[in-house]
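Look at the two complexes coming up: chain A is in both, with chain B in one and chain C in the other.
Our next item is the complex of A and B:
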């Protein structure tokens, strides 16, 4: 496998996605509080070696597409009392996202 | 993951409770008091060491993070930022075989003896 090989991007800006609701042991780069929540792809950020593999001194290849995903705060927190239009952006690797 | 693994350990791990000690987004916390402070010389040296090890491909920032996250909750809370860093750098270099525990122990003893002599 070469340094340049990447997993094909599955999503585009504007696509609705759901973060996988998984709780594995190990170095996980997806925050706990966002797992299982739904948001919208804000942008494609490029493809990078998977940090969850790099953390164990493995090459992390092929590169994983990374996206900035926008979530409504009201969708993230059950008791959110702020404005309805408030959002939070989180950068999430593709293997943590589902259509 | 092999099917045997997942079925054998079914029930061993509570499904929704594995949360890293560092992964605190959304949890209740004490009031945050922002303050400016200078870095001690040793802290700057730890930062420089990380830069050098990264450039020489002897470790990644991801290994740094993983080893910091593997601290127990009590140690994680009590240790300062760069104390966590030097702990994680040391762990990584041992894991990669860059240094041995024995080399590290001998060197710490040398430094301790030097400090004791000076006092």
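Our next item is the complex of A and C:
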């Protein structure tokens, strides 16, 4: 597998996505608080080696598409004390996202 | 002279001395030393390279970020480039590209941005230097994510009700720079003068640019 090989991106800016609700052990960069939540792709960030593999000295290839996903804070925290329009943007790898 | 307090005799008392041995050899420090010495022994690097990297790390200060923001305030073309491709913008002003992709987020009359890394302490080091201790604290990381308005208020930053707060959780391969709003009353200011108003905390988003 070459250094440049990447998984094809499945999503585009504006697409609605849901974060997988999964709790695998290991080095995962998808925060707990966002698992199972729905948001909108803010932008495609490029493809990067999978950190869940890199953490264990494996190459992390093929690269995983990475997105910035925007969530409404009110959808993330039940007791959110702010405006309805307040948001949190998080970088999430494609294998954590579903349509 | 005794080290005990003698206020009544008018002798200035000495504050407690810092111990001479103020270094603790923790597990990770021992690991760092072992790996570094091995790399040097195997001639993969040398002591001078390590030293100069540490020196370069200490040389990166928020002044780098301030330079970028001040340019964005005065040059619309550069502002556009910064928002589209942060790394290219850094290069354009003679700064290092940085190892990570730089995403610049701009504060406006309608939105205020603030940055956190809830997982660890990801920070735009090439532009701001080393992160402050509070940025790495569990308190900041766990609270700014779900109650940003209150945390900002603790920094003395009151966000109007008609302004949206956008938190950016730096979880992976992006690094974030907040472009604060240019303060009123700075028309005709030079880039250098403007850069003086751009503080580290304003570029993290916990406060506004300094008022002139």
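The rule is short, and it goes like this: the second predicted complex is superposed on the first by the 99 of 99 C-alpha atoms of A that agree within 3 Å, B and C clash if a C-alpha of one lies under 4 Å from a C-alpha of the other, contacts with A are read in each partner's own complex, and residues count from 1 in each chain.
By definition in this document, a residue touches a chain if its C-beta (ideal position, glycine included) is under 8 Å from a C-beta of that chain, and two chains touch if they have at least 3 such contacts.
On a predicted model such as this, the values are computed, not experimentally measured, just so you know.
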| item | value |
| --- | --- |
| Partner chain(s) touched by A:77 [first = chain B, second = chain C, both, neither] | both |
| Which of chain B and chain C A:55 touches, first, second, both or neither | first |
| Partner chain(s) touched by A:68 [first = chain B, second = chain C, both, neither] | second |
| First, second, both or neither for A:33, with chain B first and chain C second | both |
| Broader residue contact with chain A after superposition on the shared chain, chain B or chain C | C |
| Partner chain in contact with A:92 - chain B first, chain C second, else both or neither | second |
| Overlap of chain C and chain B interfaces on chain A (superposed complexes) | 31, 33, 51, 77 |
| Interface residues, chain B side, partner chain A - complex | 13, 15-20, 23, 25-26, 59-60, 62-63, 65-66, 69, 95-96 |
| Touch list for chain C against partner chain A, complex | 101, 103, 118-119, 145-150, 161, 164-174 |
| Sites on chain A touched by chain C in the complex | 29-31, 33, 45-46, 48, 51, 66, 68, 73, 76-77, 80-83, 85-93 |
| Residue numbers on chain A that touch chain B, as the complex places them | 23-25, 27-28, 31-34, 51-52, 54-57, 77 |
